[in-house]
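These notes are about the structure you will find just below.
Note that the chains are named A, B and C in the order they appear, and that numbering of residues resets to 1 at the start of each chain.
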Amino acid sequence: MSNLHTVVCVKIVPKPEEVSVAPETLRLDRAGARSEINPPDMNAMELALSLKERHGGRVSIISMGPPFFTPLLRVALAMGADHVYLLSDRAFGGADTLATTYTLAKGIEKLGAVDLIICGEESSDGATGQVPPGLAEWLEWAQLTMVNSLDVDVEQRQARGRREIPGGHEILEVPLPAVVSVQTASNEPRFMDYKIKPWAFAEGRVTVWNQADLAAEAEYIGTPGSPTIVSGLDEAASRERKRIILEGSVSEQVEQLVAVMEQAG
Amino acid sequence: MVKSLYGIDEEINAIWVFLEQDGSALAGVSLELLARGGELAAQLGWRLVGFLPCRRAAGWVEEAFAHGADEVLLAEDPLLEHFTVEAYTQVAYEALWEHKPSIFLLGATPNGRDLAGRLAVRLRTGLNADCTALRVNPAGVLVSEVSGFGGGVLALIEMAHHRPQMATVRPGVFPPGEPDFNRQGTVVRLPVNLTVESVHTRIVERVVGQGVDLTQSPVLVVGGRGVGDNFKMLYELAELLGGEVGATRPPVDEGYIERARQIGQTGVICRPDLAIVCGVSGAFHFTVGIQEAGTVIAINTDPEAPIFAAADYGIVGDVHEVVPALIRELQVTD
Amino acid sequence: MKPNDEPILLDDALWDELITLTGGEAAACYQCGVCTAICPWGLVKEETFSVRTLIRRAQLGLPGGADVLWLCTTCGECEAYCPRGVDIPNVFRALRGVAWQRREAPEGLPSLLWSNYWNDNPWGQPPSQRMQWAQDLELPLFDPAEHEILYYVGSTAAYDKRAQQIARALVKVFRAAGIAFGVLGVHEPPDGAEILDVGHRRYFAEVAEQSAEVFRTHGVTRLVTTSPHSYDVFKQEYGRFYAALQPLHYTQYLAELLSAGRLHFAKPLARKITFHDPCYLARHNDETVAPRQVLAATLDTELLEMENSGAETLCCGGGGGRMWLETAAGERFSDLRLDEALETGAEVLATACPFCLACLEDSVKARGIEQLQVLDIAEIVALTVAS
């Protein structure tokens, strides 16, 4: 049995369609929103657990966020993860990607022997996709982003991943330890194992670390550690489909279509 | 408060743009950024600088001048032939640290995001990620519009004290502008100190055109029963748009297209930026397969077809007329 | 009991579980093979789908049967004929339960369970949009003091554009009859029927307990469902969590309103109609009368009957989780059903289930049949009620 230790970064997010911007204050209103595991992180979980099946070792979950994340993170234990580490402290609040990646990196350092970190492609709330490379930089590890499959050679300490590129794919290899991010929907996450679920939700290990536990420097965490500030917020025109019928002759319609398509990318 | 390696008092009044290339051409988004960066630079009276790491520049410097760059910083090295995050981060870091520009813009491509994410941490600065609009205030502060929560919320992001002000910008949000090949600029060659050992990423293989992964295709052209057996035209359209072809269940049943391309509840669930849905009625088992799509365009002869309620833009018309006309139009614009 | 020479035997725990799950059900089977002969898969598949062999595997505590295991639509036709009275669909569910533990469920089904977990519906739809189908209808939230019934819409009628028309039709009918009814809106809990059908009994029990709790806290007793699958699962499984629940399928409720003289029709329909009995009404719940009473009251002609009707109905192919699994062209039961419907000379093929509606309508389109329209009974009634 190998000692491959994989850490999955899991963020708990509000359901995107249930978040709004309060019209008077222009602040985010997520009070009534249901929370869930960031869906891409479920793909990261599945990848990590399939590596554990193939190579043995263990899977830890790390998450930065408030205490209410705990019950949702237990879902990961019920899927087969071994241990949850929640980095939680009021001082971590207001973090942008710089502070978030610093804090997560401190958590990884405290964990010690980690071979592989697997992240989702991006979160459904902030959606920057900057956490995986930022984390790799703090740790000075190799990175391999947006893979849709991955295998590791535990002996050779290599990770080999495949990712889609326009019109084809490429296979890349990096040395371990490495940070990997997984393309959204590139696998189907296993459902919880009901043999372990009772354990996961009752006893399953959740360790909470605060700023002092991590020996995280105050200037690098939370709001002080975040260069970016949000200077405005607004609700996008509408999340619903626009349902605009393009009128005119075929050539006029097609002209409008081309314009629309250019905008869509 | 965290401090960036250099700050406002040291910054140079310049806007840098990362010129991304794949060995044959500059990325479209790099040209778009030169165009928008040029407008912002003009507004501030600053210089627009292209930053170009590559093996050997092939006409790209001139192209950058034509698109508005006043200066191109050129880093040439065999180790820069293909993008690797270690090599690119290192040359970019050294260049930024040396020249200390106020603003650095990158395309939010997979490589641009990898590079920006690492650089921002190395420089201890902020990063406005995946921006959909950029402006500057008179003090030279970059204000970026980003979206979150599945596109439902727009936020304005800026940084007051940290430099460079980094931003990755979503491809396609700015027009690339008209090139003027009479424009001239200066080329500055950057020293490159890379060693093979510093590059960890090894490209094992690169394969073009093999196997389809509809879930990851940015553009999807979907044919339904209304297309009949004419999927050829859909392939043509998809090719022009750099996308893939999918189908509803009936054409799969008929054998007009392979089962792996069926979109829907019992097929593949996709999340393209753009889906063009042709001759499809919009049954529930199908629409769940495209509900995560960015923009949905529907073409159908029946104005009452439910697909129009699941689309952003609709054309009531015959696919056999509209699609060929669209193909012709796209060929002209190319 | 457990033979030792089989290398692929289940471990004891799973085997015990299998026996418990089936209540020793499979033990009664004496391998006559009637089930294999009866099963509609025999009509559409080239290679035999041996139900008997699967029952044998269950007796032996053998896992697997892989793909075949997931074909069963839990239509219950075999069970009706089994000389030993084996609850065959339940044996299938139990074998599936074991497959879940061995992580052998087919692609697509884990997503079904996850969707229910995060979204409270099996279709991957946002829970906050559960009431969008009724945005313009201003349906009141259920209040036990004011309302005779709770209308339980169900996930399919809430989200599937086509099935929404059933729900809208029912609302029209209820209003025409002056029924005081309410809905639970976005708080309507999932019924979990498909979770049970794909064999995840433990997760189902969790869902059912939570959903029953929602009904209890809202003071729900009489509850009328759109789908026979909801009705079935409420009736058969929810009693142990909430004994006061009194589920009815809407056809039963409409029949009740008819006999109470509360439902009136303005104009009888002059169309030739035949009725496809949903398995989960006709076979699992012996309900073949109520839908016919309702249809008869709307028609000025005789209801036409297909070759296999009532308790003998031929499954549409949509039960047992098959709405989440692909069925190859040429193997869809609903195609066969159309031949029977066409033989009656009917213009309308009526049914009373969102799954049946989807499958039958699909086959009508695929076969390009223009003379036959598929409608839900609710839609037919809505056409004829006086508003």
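What we mean here is this: contacts are C-beta pairs under 8 Å (C-beta built on N, C-alpha and C of every residue); 3 or more make two chains touch, one makes a residue touch a chain.
Because the structure is a prediction, the values reported are computed rather than measured.
Enquirer: If I average the Cα coordinates per chain and compare with the overall Cα mean, which chain comes out closest?
Expert: Looking at where each chain's C-alpha mean falls, the closest to the middle is A.
Enquirer: Across all chain pairs, which one has the most C-beta contacts?
Expert: Pair with the most C-beta pairs in contact: A-B.
Enquirer: How many angstrom lie between the centres of subunit B and subunit C, each centre taken as the mean Cα position?
Expert: Spacing between the chain centres: roughly 46 Å.
Enquirer: Using CA atom averages as chain centres, what separation in Å is found between subunit A and subunit B?
Expert: Computed value for the inter-centroid distance: 21 Å.
Enquirer: When the C-alpha atoms of subunit A and subunit C are each averaged to a single point, how far apart are the two points in Å?
Expert: Comparing mean C-alpha positions, subunit C is 38 Å from subunit A.
Enquirer: Could you tell me which residues belong to subunit A and also touch two or more other chains?
Expert: 17
Enquirer: Any chance you could list the residues of subunit C touching two or more other chains?
Expert: 108
Enquirer: When you check subunit B against every other chain, which residues touch at least two of them?
Expert: Expected reply: 269, 309.
Enquirer: Touching residues of subunit B toward subunit A in the complex: what are they?
Expert: Against subunit A, the touching part of subunit B is residues 1-4, 85-86, 89, 110, 113-118, 120-122, 124-130, 143, 146-162, 170-172, 200-211, 213, 215-216, 218-219, 241-242, 269, 271, 273-274, 276, 294-297, 303, 308-317, 321-322, 325-326, 329-330, 333.
Enquirer: In the complex of these two chains, what residues of subunit C are touching subunit B?
Expert: Listed in rising order, the residues of subunit C that touch subunit B are 108, 123-125, 159-163, 323-326, 329, 358, 362, 365-366.
Enquirer: For a test of understanding, state which residues of subunit A touch subunit C in their complex under the given definition.
Expert: 15, 17-18, 34, 36, 42, 75, 188-195
Enquirer: Tell me, which parts of subunit C touch subunit A in their complex?
Expert: Against subunit A, subunit C makes touches at 100-101, 103, 105, 107-108, 110-111, 113-114, 117-118, 126-129, 200, 202-203.
Enquirer: How about subunit A: which of its residues touch subunit B in the complex?
Expert: Touching subunit B: residues 14, 16-17, 19-21, 28, 96-99, 101-102, 124-134, 136-138, 142-146, 148, 160, 163-175, 183-186, 219-220, 224-236, 239, 241-246, 250-251, 253-258, 260-265 of subunit A.
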